[in-house]
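Below you'll find a set of structures to go through.
In what follows, chain A forms one complex with chain B and a second complex with chain C.
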Partner chain A sequence: MILRPNLDDLRNIGYYLGKIIIGLGLTMSVPIIAGIAFGEFNPSLDFFIAAEITVIFGLILTKLCRREQDLSWAQGMIVVSLSWLVATVLGAIPLYLSGHWKSFLDACFDAMSGFATTGLTLAQDLDHMSYAHNLWRHLIMFIGGQGIVIVALSLFVKGASGAFKMYVGEARDEKILPNVIHTSRFIWLVSIVYLILGALALGITGILNGMKPLNSFYHGACIFMAAFDTGGFTPQSQNMLYYHSLSYEVITIIIMILGALNFKLHYHIWMGNRKEIWKDIETTALFITIMITLVITAIGLDRIGVYPTAVMLFRKGFYQLISGHTGTGFQTIYAAQFVNDWNHLALTGVICAMALGGAVCSTTGAIKMLRIGVIFKALAEDIKRIILPERAIIVQKFHHIKTIFMEDKQVRSALLITLCYLLLYGFGALVGTFFGYPFLNSLFESTSAAANVGLSCGITNISMPAALKITYIFQMWAGRLEFMSVFVLAGFVVAAIKGK
Partner chain B sequence: MKIKPISNIILGVGTEIFYAALIIFVAFLICLILALT
Partner chain C sequence: MMLKKIISLLFLLIAYSLQLTACFAQPISSTELINNAKLYDAKVVVYSGEVIGDVMVRARYAWININDGNNAIGIWVSKAVAKDIQYSGSYKAKGDVLEVSGIFHRSCPEHGGDLDIHAQYIRKLNSGRLLTERLNLEKRNFSLILLGVLCLVLILRQLKPKSKK
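After this line comes the complex of A and B, so read on.
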């Protein structure tokens, strides 16, 4: 028998949801201040209106649902899945008011793309967008990369128990420190340290490449946020092609790789346990899968001879590949070149890289390295079991911060999530094919959306069908939250309709 | 959440950047080998 949720459940969910929404509203003060500083008063007004709506909505929810009780697991998951949807709609308001998006659905597409750190965009005339709106696009990526709930946890939530349930719901099942609020603050520490270093490096490189200092540091900060949070938005419509600089590309590759590392690993390395980076199953798997997918892509590109020199192959082939593998989505080629210049083998290599992703508890999406490592270890164990004598005792273990003996439940969990991702990639590809796009292109775009990457072969544009836009929004949301919160929300809705 | 001393952060950041640089180096080698063959 399914139990219908009662009023207390709704009030508990509404209260925490309200707090997260207030947090989102307060972050809109950043583009307001930036807009005023740059003398952009109309864009500032857009954010002022949106912030007012957001904060008032959040305040109404917290007042109506006032109930400081700890969240249950299901409630925590529902708060997370709902907060991402509500943040998308509210975060889209200032984008829509700017006039750079054709419809509110398009603005919601970009807001979800930002929060989910995907990077696909439907913005028009990006090159003439205000600093404030461009900053907001990158800021939501930064907030989404850390996790919308992490922002609220760091600022508002005091009770550690309810906080942990929301933290887990946001696809971060690894606690770095015993207290989850300290964990979220550590995540911010890592991000801020790298923000300063990355923005400085990119800013100075921009100046050396001829950009004006203020503009260069603004671009540096935006590009850093998009690279470290493996997002992929850029301030210019030409994406990374705009900078046309090898040094800029190398720096962004380093930032993308750093963003794809596990925050727990960052913590242990920063605590002095530096050998972890060479022992961890995730960094090992990341290294191996990057090289395997690179070989596939590079052989494909080499066969058609489109990039004849090593430097060109590196700047065009490897850059798109590492951008896809880390889930960033920066491009140094035009979207149409994927279709016109690349062959199927090269595209397949990038699709595989996008589908795999980075480390768990990082800012990347997709299947992730820990699961890939566990699945391959399990496969090796089964092969050993067949080869070795029946009486041989096989103990399989792996190193992830500490040595872990592999259990069946870890393998089952890894396989289930992997299966969910594969189904999600396939679902988007089928929808794309239904609307008349070639299958490989549809699979490319679908994997890019569901794995929160942002590379595009040209399907994502303002003229694509609304149903496909909604499909990609769903894929970005489900892929970013790693399904469980989405399933729990679906179960909650079913219980509300059919429960007794 | 205290990370002491600060040199640990600096060396930690250096280690992570070295890992990223190693990936870039090996990737470039692969590109070089394929371009030359």
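After this line comes the complex of A and C, so read on.
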């Protein structure tokens, strides 16, 4: 028998949702300040309006639903999945008011793309966009990359035991420090330290490349946020091609890889335990999968001979591959070039890289390296079972921060999530094909959306059908939250309708 | 014999210049260049649009990015030409509109495989200008109304616990 959720359930969910919404509203003060500082008054007004609506909504929700009860697991998951949807709608308000998006759906598409750190965009006339709006596009990537809930956890939730349930709901099942709020704050500390270093490095490089100092540091901060949070938005319409700079590309590759590593690994590196980089199953798996997908892509590109030198192959082939594998989505080629200049083999290499992703507890999307590592370890174990005598005791272990003995439930969980991702990639490809796009292009774009990458082969544009835009929004949301919160929300809705 | 050679040489020169003129007369859109990059590779093309973003000087040359309304393409120009650009497109400015004639590269060997144009000739079609921002009164009024609502909500939140006592 399914139990219908009662009023207490709804009030509990509403209360925590309200807190997260207020947190989102307060973050809009950053583009307001930037807008005023740059003398952009209409953009500042867009953010005033959006912040006011957001905070009013959050305050009403927390007042109406005021509860002192802790969240249950299901409630925590529902808060997370709903907060991402509500944040998308509220975060889209200033974007839509700017006039750079043709419809509110397009603005919601970009807001979800930002929060989910995807990077697919439907923005128009990006080259004339205000500093404030561009900063917001990158800031929502920064917020989404750390996790919308983590922002609220760090700022508003003090010692609530429900915090861990929301933290897990946001696809972060690994605690770095014993307390989840301290973990959230550590993630922020890491990100802000890297933000300062990364923005400085990119800013100085920009100046050396001939950019104006103010613009250079502004671009540096934006590009860092998009690279470290494996997002992929850029302030200009040409994406990374705008900079025409090898040094800029090399720095962003380093930042993208840092963003694709587990925050727990960052913690151990910070504590001086550098050997973890080489021992961890995730970094090993990441290195191997990069090599394999690089070989596939390089063979494909070599066959067509479009990038004949090593430098060209590095800047065009390797860059798109790393960008795809880390889930960033920066491009040094135009979207149409994927289809026109690359062959199917090279495209397949990039699709595989996008589908695999980076580390768990990082800012990347997709299947992730820990699961790939566990699945291959399980496969090796099963092969050993067949080869070795029946009486032999086979123990499979792997190193992930500490040595872990592999259990069946880990393998089952890894396989289930992998299956969910594969189904999600296939679903988007099917919808794309239904609307008349070639299958490989549809699979490329679908994988990019569901794995929160942001590389585009040209399907994503304002003229694509609204149903396809909604499909990609759903894929970005479900892919970022790694399904469980989405399934719980779906179950909650079913229980509300059919429950007794 | 000599006269024949001179006449044929002159004929060739006229034909070549006519061909160039024909090329100049038909600017190609960025979409056409990107979608048919193989066709235009290493050929002289004419491309026009608004200069956007930074003019990035690199030694004796500079990078400018020109947007024709659909896409922006990187143009490799001499530093002297870049200095003539007064306005480049941003939120606060409409950039100079330039017509560029140059060699198009599908994947430039000099610039790591970038799709770019190496300019040979540049002409300013329109001069850019600074854009003045007028305060949107509708937005201002709406934001003031919302501010009033926000204050009301905050006051109500404070008042209710007191009335309970």
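By our rule, the second predicted complex is superposed on the first by the 499 of 500 C-alpha atoms of A that agree within 3 Å, B and C clash if a C-alpha of one lies under 4 Å from a C-alpha of the other, contacts with A are read in each partner's own complex, and residues count from 1 in each chain.
FYI, a residue touches a chain if its C-beta (ideal position, glycine included) is under 8 Å from a C-beta of that chain, and two chains touch if they have at least 3 such contacts.
Since the model is a prediction, treat every value here as computed from it, not as a measurement.
Taking chain A as the reference, the larger set of touched residues comes from C, when chain B and chain C are compared. Contacts of A:Ile277 after superposition: chain B is touched, whereas chain C is not reached.
Residue contacts after overlaying the shared chain place A:Ala298 against chain B, while chain C stays out of touching range.
By the touch criterion stated above, A:Gly210 is placed in contact with chain C alone, chain B being left untouched.
In the superposition on chain A, A:His182 makes contact with chain B only, while chain C stays out of contact range.
Once the two complexes are laid over each other on the shared chain, residue contacts for A:Arg385 go to neither chain B nor chain C.
Of the two partner chains placed by the overlay, only chain C lies in contact with A:Lys63; chain B stays clear of it. In the superposition on chain A, contact of A:Phe41 is made with chain C only, not with chain B. By the touch criterion defined above, A:Tyr242 reaches chain C but does not reach chain B. Once chain A of one complex is fitted onto chain A of the other, the partner contacts of A:Arg412 are absent, as it touches neither chain B nor chain C. Within chain A, the residues touching chain B in one complex and chain C in the other are 308-309, 311, 313-314. If you check the complex, the residues on chain A that touch chain B are 177, 182, 185-186, 189, 193-194, 197, 250, 253-254, 257-258, 261, 266, 269-272, 274, 277, 283, 287, 290-291, 294-295, 298-299, 302, 308-311, 313-314, 317-318, 322. Note for the complex: chain C touches chain A at residues 34-38, 52-58, 62-63, 65, 67, 71-72, 74, 89-92, 106-107, 109, 111-116, 133, 135-136, 139-140, 142-143, 146-147, 149-150, 153-154, 156-157, 160. Of all residues in chain A, those touching chain C in their complex are 39-43, 45-46, 48-49, 52-53, 55-56, 59-60, 63, 97, 127-131, 209-212, 215, 236-238, 241-244, 246, 306-309, 311-316, 332-334, 336-337, 340-341. In the complex of the two chains, the chain B residues touching chain A come out as 1, 3, 8-9, 11-13, 15-17, 19-24, 26-28, 30-32, 34-36.
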